[in-house]
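Both of the next two complexes hold subunit A, though its partner changes from subunit B to subunit C.
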Partner chain A sequence: MNDLPPPVVDYLLAIADDKHLMGQQHAEWIGVTPFLEEDLAFCSIGQDELGHAAHLYALLAGDDDTAIDELAYRHEPGAYRSCWFVERATPIWAEALVRHWMFDAADQLRWSLLAGSSLSALADLAQRVEREERYHRLHSDTLLDGLLASPVAAEPIGAAVTALAPFALTMFEPVAGEPDTVAEGVAEAPFATQRDAWKQRTEARFAAACTIDWPDDPPYGDNRTTRSADFGPLMARMREVIDLDPSAVW
Partner chain B sequence: MTATTSLLDRCRQAIATVDDPEYPGVSIVDLGLVESLDVRGATATVGLIPTFSGCPALDMIANDVHRAVSQVDEISTVEVKWLSAPVWSVDRLAEGTQQQLAVDFTVAVQIGTGPVLCPRCGTATSHLSMFGPSRCRSVHRCESCREPVEVMRS
Partner chain C sequence: MATYEVFLKKDGRDEYRHAGSLEAANDDLAVVLARESYVRRAEGDLLWVVERSNVIVADDDFLTPNADKPHRHHDGSAVAARRKAARNDEQKS
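This part shows the complex of A and B:
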């Protein structure tokens, strides 16, 4: 498939799976957000996340085009490396918006560790990702600036932050291959080194809505090898079309 | 050597016939999507870059390029790749393309943070929505004719 060391595959899969599921979650809001501009925004932002995931899956698939679908849709649940935060079902709009902000804030910190990657394709991709993510962050910050100025809107946003905060920390859960990936120079440092910076940004962003009570022990699984309860239904929706005819060529 | 140069040129011409699906009549070359072309023997390798990663037309564009270059005499194998670098920007638009987008599609182009002028009446526009009907365009509104204006930007 590729000539990458297994720990690096493990590491890249976590980023790809996070972006893949986040893109899907955003896409599920198309047509049902509170207003048209948000439909367009969640559509475009979701497409970018899926695009980033596709590029990473392509890196992992090497010359084998069919391997991309295998990675994205046909893995056994235990072979995915997504965090529980992106697997979580968020039928509440405030939670979808807060997660959009939280994920993109963490994503910025994550890719900042890859800008000088020894894997040149990843360092290149970091530049394109940052140029696109800039728009995502501008979008969520602009909307939150407006909403948090209103006590009526700040209340559900505060409730969403409180509900999501423990799960959001799972974004920083490492995969088993991360130490070797850092040793290889593929990533500058473990992602968890950015966790405190992210928490501070999050507290500052939502200070008008709530005070965040972080759990002492983040609800980590086992190096991202176990899936949360929401993963099954999400993956079933994602596979709905591909399962209609598994032999179809796309 | 002469023959190889000519083959390269014919591959270039074939790629230039591929239009962007969003803008029929506008070549992907003029939009700055083509980054590299390498011809060795009967194998042509084309390197493309997307305007944005989220563009849903990437497969369609790559297939169109594959088809066009495959029709070049003496070419038997075509590889089309989406490259991880460089990052696309509106600076890659060919001369005249900005005008073509304005006239044929009423799409404006924002250079840097400069003003966006209405493609219909030339008046300044105001920002309406960061995201538009496709990933590569946001939406402004003309202050004079009040029409929405789609804007390509880096």
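This part shows the complex of A and C:
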């Protein structure tokens, strides 16, 4: 595996698992978004997220490239560090689009804390991620600019924001290893320090659609060690092929 | 929604080539969607997106007469035949 301290592994796993599940959720919209071009765009963005996850899993796997599949697909549910927001099923397109924007807005703030990481591979990855994420944000912002100008579209988007807001705050739930990771200089500050900035950006983005009533007590999952109800079916779909023959070499 | 035509150019001397079409709600979205629909694997370095209604289209029969002008297809065969005949005449004499 790697020679990283366990708290740093915990911390990096949270980012990797968030990216992995977000990429999978986006990619599942292939063929069923409102129009063909969006099928391709949303799935392509999902692939970028999977790519970022793969880079992080590779950092954690070290020299053992078979360990990447173990990390991505074979963990016990309690060993994943995903937040409940990315685990959540969003069968409604407006929710998928709103989550795409919310996740990428938070992701930008998250990676800004890693640009000067003491772990040079992570600082390099932060640059690469930002190069690609710029276009993800351009995609969701351009769509939302158009849609929020129309009252017909703004209404379901407002409903989606209201439904997702409590879960969105789980993106900022820390892992147990975060304080030590910050102390090591791997991250500049805890991710939760960015939460208010993210809330302000979110309120401004969706002001035309709704006023957001943030909950005082978001549904946190015990330092990201417990999984939400939607995780099981999602992981079962993700493992559908690999489970056909667990001994297969890829 | 409007229909847009997408053109890509590789770096260097290659010309812009038509990559395909797409539908989008506005110009900004057309450029974003062109990027994700046609250039995911670095198929080009430069991108043009043109709304189809801005393309000036000639009538169907505008070019038809040019399909029947064999005298413009100069492949040199008539000249070659005359030169060969001239060579043969020289050898005989």
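Note that in this section the second predicted complex is superposed on the first by the 250 of 250 C-alpha atoms of A that agree within 3 Å, B and C clash if a C-alpha of one lies under 4 Å from a C-alpha of the other, contacts with A are read in each partner's own complex, and residues count from 1 in each chain.
The criterion applied here is as follows: a residue touches a chain if its C-beta (ideal position, glycine included) is under 8 Å from a C-beta of that chain, and two chains touch if they have at least 3 such contacts.
These figures come from a predicted structure and were not determined experimentally.
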Sticking to the clash and touch definitions up top, decide whether subunit B and subunit C on subunit A clash or fit.
clash
Return first, second, both or neither, reflecting whether A:His52 touches subunit B, subunit C, both chains, or no partner chain.
first
Between subunit B and subunit C, whom does A:His20 touch in the aligned arrangement: first, second, both, or neither?
neither
Which holds for A:Ser44: it touches subunit B only (first), subunit C only (second), both, or neither?
both
Per the overlay, which chain contacts more subunit A residues, subunit B or subunit C?
B
After lining up the shared chain so the two structures overlap, which partner does A:Arg88 touch, if you call subunit B first and subunit C second: first, second, both or neither?
neither
Output check: A:Tyr135 vs subunit B and subunit C. Expected answer is one of first, second, both, neither. What do you get?
both
Which holds for A:Arg110: it touches subunit B only (first), subunit C only (second), both, or neither?
neither
Return first, second, both or neither, reflecting whether A:Phe35 touches subunit B, subunit C, both chains, or no partner chain.
second
On the A-aligned overlay, A:Gly146 touches which partner chain: subunit B = first, subunit C = second, or both, or neither?
second
What part of subunit A is shared between its subunit B contacts and its subunit C contacts?
37, 40-41, 44-45, 47, 135, 138-139, 142
Interface with subunit A, subunit C side, in the complex: residues 1, 22-26, 28-29, 32-33, 35-37, 40
Across the complex, what residues on subunit B touch subunit A?
50, 52-56, 58, 82-87, 129-133, 135, 154
For the complex, give me every residue of subunit A touching subunit C.
35-38, 40-41, 44-45, 47, 135, 138-139, 142-143, 145-146
Over in the complex, which subunit A residues touch subunit B? Could you list them?
37, 40-41, 43-52, 54-55, 58, 121-122, 124-125, 127-129, 131-132, 135, 138-139, 142
